[in-house]
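What follows is chain A paired twice: with chain B in the first complex and chain C in the second.
The block that comes next holds the complex of A and B.
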């Protein structure tokens, strides 16, 4: 009996993690959920440029360096910055730092996060954060912005829904800040609503995540979403561009339970107003598109649009049928690169076809792809392709 | 009883296995991760030539070359002629570029006669050979027929070309550059222009590919792999996706 107890005690000693290490580990997971690396860099020392409609912002150094980082913050300073958007000394943060979302973090998570950030290797790196145009470069303006748009309402738990749904609602609308990209913005850069109906940003279209069959994730299963977030790919699509970074730094490191929670919640979102429906009166475009698709796209994506393990399908791929075609036009013109994760390490690339296809051809192909194999979405015009080609060339 | 040497060999086998284990343990096993680098708009696509005007030939030379490529590839029921297919444009752009300057070749002396398999060994670049050759050809036809080559009848033009090829006509060229070599250079470049991708200026509308049933820059035949003894139904595609 004694021996058994001894063995048990020994086993417990091995399993038990000191409380300090526990909070640090929990904090690290909070940093993953919050995708801090996505903006502040892998070493969290900042310097990542963010193009906004108001000019350039550069992410700050959040390592515990005393001169250039947040080494002089107190736990309370950190909480104020995270949940109120106010740094020590009353400096107003710009909402590119998604404090409207982090405001939903509970005290425990914030404490864990802070405890973890204190253990990160300090990096001495001075950042000129504010490179916005006048008058946006005046931080005082954020007072007004906050007064108008920053009214964090607590995320209400819905007892009628499952625990997973409630956890998903918290993650999506809170720390994982999906709406920062996927919610439409008003002219002040604030979320118009919390509805994740998709929006254009940084030359990409952050997809509609609602239940609409074509514009959103209506055709995706919970398993499709979990696989997509966890590995960067599913039988529906592949993550590239800004979402590739989210997958790399955040979702691919989340627990399966949390990914499932996000998927369960997203699958329950009411459908958006859709993408405007199938293109009509485009017989000529469709015919020309079919020929051009056959020549330039079919070898990888297949004549049936089903793709393969390393080539994303185009049939039933929500990125193809978004209301706006920014992402797919860009993909054809400049090429693309899928994220590589430990479970899906290939990270296949798509070559640039902008040298080979003119605006009409790209428009034809995309109109065809958006309205074939069960896909339905408005036509893409050569003018749209031309506009995007111009903006990609000028690097914005 | 066990043979001593055998026991020994068994022991040494075990010893070496142990040594192997140690070695394997200390060997650096590495797993590489990460992806291949990628950047937007990557690739160095060939640039299509401008189809208008002449970059190397003067108007007289251009007219002569157009007449010559039309005799090498006369328009008939199989395909349009060499001129209509842009072979002269192809040659002009090649001579105006790196090929014309022989920029890929060592072009300093000494210049020694080579074997037939070694190609041209003289000091003239392809551009220089065309310039000299076309002037000598103009001299020859004006002396013999009192006309430029392009003004000769098709039969006379064939006569002249056959004469260059067969050694019956000797143009005033340079030592180390024979009339036959000039003929072969033009024939070779005309064929290149006729069969190369249209982006280089010749093979207009992929006429030659349609003639021989070459599908061009298509790259996916999976739908046809099992269709044995059936002709491939699709027409050619150019590098720039023209059909």
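The block that comes next holds the complex of A and C.
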């Protein structure tokens, strides 16, 4: 019974916030914006595996443990790692740690963040970070990478735009590092451009966030984006896969003002080149897809594709009409679970249908879904489905 | 030597409806809670995959979601003069197994018992005199309607029940059940749409002056956001409810209604594939100190806790009490002892009618899509001129048109070959039925105890069920069958048959999973095992929650009452017990 009484006493205790704690609280918010938990884990002790085209990286321990974490860092060491990608002793970090984005953090934010990280519970956990293939496992190579691709330019404030837009530009291109997933990459894994036109990543397609009507967020309102980022769901889509983690650890804990700023900025991005437009010459696929859709999909997503309060719509859902269909093929084959957040706790799941539907059926259904109810996107081929099925099997 | 684990505030045995509701309410109140569940973890997208969840052979015939007798069996006999034999397969009833328990594979009929049920002895004595019920062991539940109404409301708004109120705060509502006790507000979602058979039933009985209304359903008529913020979908009438899990979030269950929130609570932990062997008491036997269980690796563990909540299936709650010596075994001869007392079942019968040229399309089905009438239920009608008390709800529910088990044929049809096939085709579209769910009232000689001969895989005695239909219930059921025969005439069928119950309960054919009693609630520790808050009279840090607490069974499905009792007990624990641990009622 003692534990019960203790719990009650703790619940009744008034939590005071001394002035010195303000920087810690501000730092905690920086950790949220930067989605540090997304890679370093809920306890920040690392060990989360990241599959890259160059092999496996494992996130490091950033708790203040002296032996295995960053307990021996100075404030300056921390700032160097965050903004230059250089750890104490001159060790070059890999840009899976998004220092090209964190380079935009100002000194105040970095100080706050450091003050917060010092208060985190130290965890003793050694991590073998570098499990990349040769020659990528040679950190010296990062010197050349940085020389070629790491030229952080300050994020220019545009006085002609609103304060929200400018805050959004800073968050998106700075600490929230949206481009780390949503910007196309070159063969060296560096951003080809800063345009958030979407790219394939870890077996998913990180969506086009520009203003294109079908491939991007052109049809979404600011409120749709805010709700999606804040709760993991909106009447347009639900977050799953890697984005579910971003919502859980980062955006669902951001302030409404910051989410609005992000949405305002994204809504102002010029449209990408789109997804290539509606599929043509696919009457046979569309007909077969319509039948298969009614049998396998309509019970939840509706014959009108509008979904319901629990199931995401397919009509007008930007994830459906991306230029590449990786995400939706994967969803049908392997299933997936939507993120659960305090305000949208359900976290409904899509069951795996891969064992029941063959490649042709999946291709037909998705071509139908991508070109029905006002959606427009290129057809999905059985070969694409087969390729993704193969990569799911091999676990890569 | 059992592995001793760190102490928790509350240890819950069983993670079904009651366990998940108690866990959610207690963790919300700040307690550290662990639930220990004998069966496996199961969740909607991973285990109730819409692509195979409608496999009738796997789930309905081979019963994949149910308790299997090699895990726990029971012995049964009709009277104390017989030697009880173990059930080699569960037949008459099918207990659940695994996370969600029977809440996974129920049909979803969600009833409230009536005001007169909670004070049944007082009510019937006042109306008919004590002599009328002298052969029955009826007793008041210790809780009154006004006290517990809000707990029914809490469960219904957790589940999103689809229905039409018949009585809101004493005002009779058109289209609802005029015999129900006053509820504080309307159902959370409107009634389901009806297919042909229930519509026809409602029309026929209305024409006879009765009062049909939509069966209150946990298969939701529309999408719903529940009291915990969890979203549910609209039922698709797939016809795979009973014996199946719902793949599209439209049947209320612990998985669809509670677990998404509960599992995120940092002060909650679920341990699955862990079988609790017994509750360990202090040396004087007055307090529970821990439970002993065997985990998935076969390791014996001891989990200490300040409170122990027995939230297993009702029959298993009773067995756990007996194995742990919580309270004294009921003795039907002396009437002494309380654990095992007032075991009741359900007294069912059915009507089937055959027509020509109809298209009932029973494949459009849902566990609770139907019309009901309570004109002959409980004490809705005058019993002064009949030789029984109690009654039955009549339900015309089209739960399914599944291909293996739903093949009604006209009596006299060939049993095999092409003509049989033709008869099943005709019967499928041309027949409909309705059923009576009759009350089961306690008698001195129906009870539960531990079997003296048979043991389970751990060497523990099995539960022994001693039961037969009491004369009162047989008389009640025959009266109801007579009424059903009259009702079938209103349909003008080509052929109609109504079943009649016989003495000699048979545990083989499926009848009902509504086992009640054995650890009943009440106001007197001499005649009840738990007090009005479901707290053991003998071991006050043990609460026993479930249909085991029913002092009798009414002509209504029990789950709505079980859910209400879970909320009722949770409220007592969080608002009374943790402030002042000890007996909440001093008798």
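Simple rule for what comes next: the second predicted complex is superposed on the first by the 377 of 396 C-alpha atoms of A that agree within 3 Å, B and C clash if a C-alpha of one lies under 4 Å from a C-alpha of the other, contacts with A are read in each partner's own complex, and residues count from 1 in each chain.
Assume a residue touches a chain if its C-beta (ideal position, glycine included) is under 8 Å from a C-beta of that chain, and two chains touch if they have at least 3 such contacts.
Everything numeric in this text was worked out from a predicted model, so none of it was measured.
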{"item": "Contacts of A:352 with chain B and chain C, given as first, second, both or neither", "value": "both"}
{"item": "Partner chain in contact with A:334 - chain B first, chain C second, else both or neither", "value": "first"}
{"item": "Touching partner for A:361 - first (chain B), second (chain C), both, neither", "value": "first"}
{"item": "Chain B versus chain C as contact partner of A:193, first or second or both or neither", "value": "neither"}
{"item": "Which superposed partner A:392 touches (first chain B, second chain C, both, neither)", "value": "first"}
{"item": "Partner chain(s) touched by A:308 [first = chain B, second = chain C, both, neither]", "value": "second"}
{"item": "Chain B versus chain C as contact partner of A:296, first or second or both or neither", "value": "both"}
{"item": "First (chain B), second (chain C), both or neither touched by A:343", "value": "second"}
{"item": "Residues of chain A at both interfaces, chain B in one complex, chain C in the other", "value": "296, 299, 335, 337, 340, 345-347, 349, 351-352, 355-356"}
{"item": "Chain A contact footprint on chain C (complex, rising order)", "value": "7-9, 30-32, 43-46, 48-52, 223-225, 228-234, 236, 238, 247-249, 260-261, 264, 306, 578, 581"}
{"item": "Complex contact set, residues of chain A against chain B", "value": "291-292, 295-296, 298-299, 303, 333-335, 337, 340, 342, 345-347, 349, 351-352, 354-357, 361, 392"}
{"item": "Touching residues on chain B, where the partner in the complex is chain A", "value": "33-36, 38, 40-43, 45, 218-220, 223, 237, 239-241, 243"}
{"item": "Of chain A, residues touching chain C in the complex", "value": "1, 3-4, 7-8, 10-11, 296, 299-300, 308-311, 335, 337, 340, 343-353, 355-356"}
